[in-house]
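For reference, the structure is listed below as structure tokens.
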Amino acid sequence: MVQKIKNRVDKILNGVSTADVPARIFQVFIITLIFLNVFAVILETVEGLLSRYAGAFKVFDAFSVLVFTVEYLLRLWTCTTDKRFRGSLKGRFRFAATPLALVDLMAILPFYLPVFLPLDLRMIRSLRLFRLLRILKMGRYSESLRMLGNVLREEKEALLVTVFGVSILLVVASSLMYFIENTSQPKAFSSIPAALWWGVATVTTVGYGDMYPITPLGRFLGAIIAILGIGAIAIPAGIVTTGFTKEIQKRHGKKSVCPHCGKDINESPEESSIAHKNP
Amino acid sequence: MVQKIKNRVDKILNGVSTADVPARIFQVFIITLIFLNVFAVILETVEGLLSRYAGAFKVFDAFSVLVFTVEYLLRLWTCTTDKRFRGSLKGRFRFAATPLALVDLMAILPFYLPVFLPLDLRMIRSLRLFRLLRILKMGRYSESLRMLGNVLREEKEALLVTVFGVSILLVVASSLMYFIENTSQPKAFSSIPAALWWGVATVTTVGYGDMYPITPLGRFLGAIIAILGIGAIAIPAGIVTTGFTKEIQKRHGKKSVCPHCGKDINESPEESSIAHKNP
Amino acid sequence: MVQKIKNRVDKILNGVSTADVPARIFQVFIITLIFLNVFAVILETVEGLLSRYAGAFKVFDAFSVLVFTVEYLLRLWTCTTDKRFRGSLKGRFRFAATPLALVDLMAILPFYLPVFLPLDLRMIRSLRLFRLLRILKMGRYSESLRMLGNVLREEKEALLVTVFGVSILLVVASSLMYFIENTSQPKAFSSIPAALWWGVATVTTVGYGDMYPITPLGRFLGAIIAILGIGAIAIPAGIVTTGFTKEIQKRHGKKSVCPHCGKDINESPEESSIAHKNP
Amino acid sequence: MVQKIKNRVDKILNGVSTADVPARIFQVFIITLIFLNVFAVILETVEGLLSRYAGAFKVFDAFSVLVFTVEYLLRLWTCTTDKRFRGSLKGRFRFAATPLALVDLMAILPFYLPVFLPLDLRMIRSLRLFRLLRILKMGRYSESLRMLGNVLREEKEALLVTVFGVSILLVVASSLMYFIENTSQPKAFSSIPAALWWGVATVTTVGYGDMYPITPLGRFLGAIIAILGIGAIAIPAGIVTTGFTKEIQKRHGKKSVCPHCGKDINESPEESSIAHKNP
């Protein structure tokens, strides 16, 4: 009987079939609650709003933590239905150590921490922001975010090269600019780290306008860096494009196959050609 | 006889064949009128222009509304020639509820509204801007805009993932930046919503320069966000590129087919390979 | 004899084979002269430089015009060797009306104009800038620029759709922003045309920072426009990417052909499949 | 015996196999030292840091130069094991003239130069920055940077066209803008070179906001340039995308080959089709 309830609760918590109405309702409810939580954290920082609606914010936070705590405990209880987490104690510990379970724990911990530990006001204020981590709970529900993660993981090497190349460009450009502009703008270009702030703003084409070269030589170098910065956008754009296209094709189960023999058209033809030539 | 005129008017209104000269003239006339209307609304807001040429603007607006009203009424009259809108009353109501017909109605309603409803000056001024909606009438004439719509619809899922990912990046980055910069710039980074304005300007690489971090830690975080913001451009660029290429190929009727059997080279080869192997 | 010289001069002027040394020298000389001319026009505007080196600038300009005039006259003389411009008068008029010949004429006309027409100082100053048009003479020598032109011409339709879509986005966004921000920033957002300046700076992600929304609603709309502006970069990037790839493939003579029958793999297979099936 | 040690040292210095633990340790050590050197040069420019930790910076620099000098001398000693640099003197000179060896020399020269040459303080300060060149030593260890170099080399022609096209756009746009804005902003748009600074900031979409048109005509031209500037990002993005995809495919040994005969599907089919047709 208890086992039956446990199985049912587990299906509602981890439901994937859209036919299961309670699981569907639970999912929508949790996702909505996560979004409202993020919204609440954002609004709390607006002057006047927190002091005026302090009570409402407190009640909503307590309610959210209650729901998330119950969810976390239910997950801890039902996780043993999964083969990977068999064993009433050992399995549960192994489940609690999974990234998604840790995220669930982090979503409720900031609420309980001040109860156990003596914290000053500033630390409590910092803890408030930690509630934003609840947004990471979305990871459990969004298949799309996982897909984005796959692309970034697959193209990791190429992206690292780009980041490395851009870093070298940044360091060299900013050092030169520091050397050129330091005498005419000693305050703005006071050091290479300060010049790096200009470099990032220029290479990413953000261009806040708080720092910019004013000497002819500095402007000439700045123009070259700005033009090279286009590459800093163009190259990762190309890499991600290729990766995304591959990932979408993979998900749709499409491969460039030969309509005759069904082999991948991009694979090495050695074996198949032998098979064709020796009938 | 009336039926014959009705058919002719319908052909002129919805003419697609370029050989039909009156239909072609009517199309060019309406498109020109729409552009002139948008131009007039824009110019009216320039100080001095409205007061000096108030009469001309009024006459032109009245003339435009007259044309658009006649066009709308003619469309209502002739719509019954289309199979979908048969039935002199029921069919016409169904036609009036289509998006394109609603856009046509919205293009003329702001002119007639003050006649029927008592409106104060500010509301009438707002209504003037509603005339800009006449630009939506272009949707009826531009095949290209529909193509763009197709691409966005097909790649909807992938684009939503990006928007979702960028939103999470924005919220997390802006909250952190608020926490870091709030003490040294209490006015600029007064709340997370205020910091979000900085976040959007940075991630989209617009960089107005009205807000930017000044503390070393804030600049370090800002630099990372700016570099990550490149992905916010690179990823949708990749998605739209793929989608546009597919859409153009589709319109030109080009598919990657095998020259031997004519099957799509990207499709599953199971059936075709059987057909080849069992002759 | 004259005919022989004419042919030789024509080959030097329009030489394509790199083995013809005089033609090669002539090309490098003219291209260098064009670059130096552009450089001179740019430097002349720098305060102090013109007054100090007035003589040098004048001599260089006179020398350049002399060379370009001789080049133009020689081209006029030898053009009849080309089949398209046969006929000593009619052919030469037809040649003089070609875009490249007109560009050659425009490169020298600003020098001779003040001789024939009475011009005030301001107009003469404007004419100086017209010398920049000499840069267009490069079009004759740069095969690469023609390739870029081909891509833009082939993808014309798709690019027009984008420009049209961006224009509508710009007009709608700027009108809304004018309506929202006008009361709180009556000077900056004084009219829709003024708001359009903000719109362009935002959609293209330039973001000068001379205009930006300050009201919460204006910032909310501004954030949406900035994010949509990414599409204004992503969509043409995709179109040009596709076009460029196609153009490069075309120039290298590469086609996706089947190694068996040599047919284009992207073409309709109807005929070839018949040929295969009925041996 | 000496020959044996020489071979061992050479393997450690140029080790590629990851199984050779000493070579691996040496590589990680040198790369870390390079990064720390770059970091030190950057930190030295921060006011206060240099004066407070002058001793530590000096010791670290001396230690780095010692290591790099020993590395350079060892390389000079062992280079003769390579077939290309046979000959105890001639081979070593040929080795010393390779780009990588020159970079190694430049990394240590700034330290020894003041010993041999009488330099004033400002020149010594400039020499400090030259230590940043040590970052180029990374080139020896990073395969990825070479890959990026390959892409840029292969797409050189297409990228040059773009740079050339953007340059022409910049010169024409800036000259026009100078002509339009000079009278109303004589200080900002004082000359074409000054206007070019605005042009670069606009075309690359950096948009510092230190210069922008204020006249209606100037803003109209500025808007067009900003929109054309999108192409300056879109076109290289497309080129690099294509190049990167090709390079990655090449490295993974993937080609579009026919599974039947193993020929490249993009190659001319003449010979293979003959082979197929005449069995």
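Read from first to last, the chains carry the letters A, B, C and D; within each, the first residue is number 1.
Definition applied: a residue touches a chain if its C-beta (ideal position, glycine included) is under 8 Å from a C-beta of that chain, and two chains touch if they have at least 3 such contacts.
Protein names from UniProt, one per chain: A, B, C, D = Potassium channel protein.
This structure is a prediction, so every number in the text was calculated from the model and none was measured.
Asker: Determine the set of chains touching chain B (Potassium channel protein) that also touch chain D (Potassium channel protein).
Answerer: Per touch definition, common to chain B (Potassium channel protein) and chain D (Potassium channel protein): A, C.
Asker: Note the rotational component of the Cα superposition from chain B (Potassium channel protein) to chain C (Potassium channel protein), reported as an angle of 0 to 180 degrees in steps of 5.
Answerer: Fitting chain B (Potassium channel protein) to chain C (Potassium channel protein) on C-alpha positions yields an angle of 90 degrees.
Asker: Over half of interface residue numbers shared between chain A (Potassium channel protein) and chain D (Potassium channel protein) means same, under half means different, so which is it?
Answerer: Because under half of the interface numbers appear in both copies, chain D (Potassium channel protein) and chain A (Potassium channel protein) meet with different residues.
Asker: At what distance in angstrom does the C-alpha mean of chain C (Potassium channel protein) lie from that of chain B (Potassium channel protein)?
Answerer: 30
Asker: Could you please state the distance in Å, as a whole number, between where the Cα atoms of chain A (Potassium channel protein) are centred and where those of chain C (Potassium channel protein) are centred?
Answerer: 42
Asker: Just curious, how far off is chain B (Potassium channel protein) from chain A (Potassium channel protein) if you go by their C-alpha centres, in Å?
Answerer: 30
Asker: Note the residues in chain B (Potassium channel protein) that touch 2 or more other chains, in rising order.
Answerer: Residues 193, 196, 201, 205-209, 233, 237, 239, 241-242, 256, 258, 260-261, 265 of chain B (Potassium channel protein) touch two or more partner chains.
Asker: For the complex, give me every residue of chain C (Potassium channel protein) touching chain B (Potassium channel protein).
Answerer: 157-158, 160-162, 164-165, 168, 171-172, 175-176, 178-179, 190-193, 196, 201-202, 205-209, 212, 216, 219, 222-223, 226-227, 229-231, 233-235, 237-239, 241-242, 256, 258, 260-261, 263-270, 272-273, 276
Asker: Can you check the complex and tell me which residues of chain C (Potassium channel protein) touch chain A (Potassium channel protein)?
Answerer: Chain C (Potassium channel protein) reaches chain A (Potassium channel protein) through residues 205-209, 237.
Asker: List the residues on chain B (Potassium channel protein) that touch chain C (Potassium channel protein) in their complex, please.
Answerer: Answer in residue numbers: 38, 41-43, 45-47, 126, 129, 132, 135, 138, 142, 144-145, 147-148, 163, 166, 193, 196-197, 200-201, 204-210, 232-233, 236-237, 239-245, 248, 253-262, 265.
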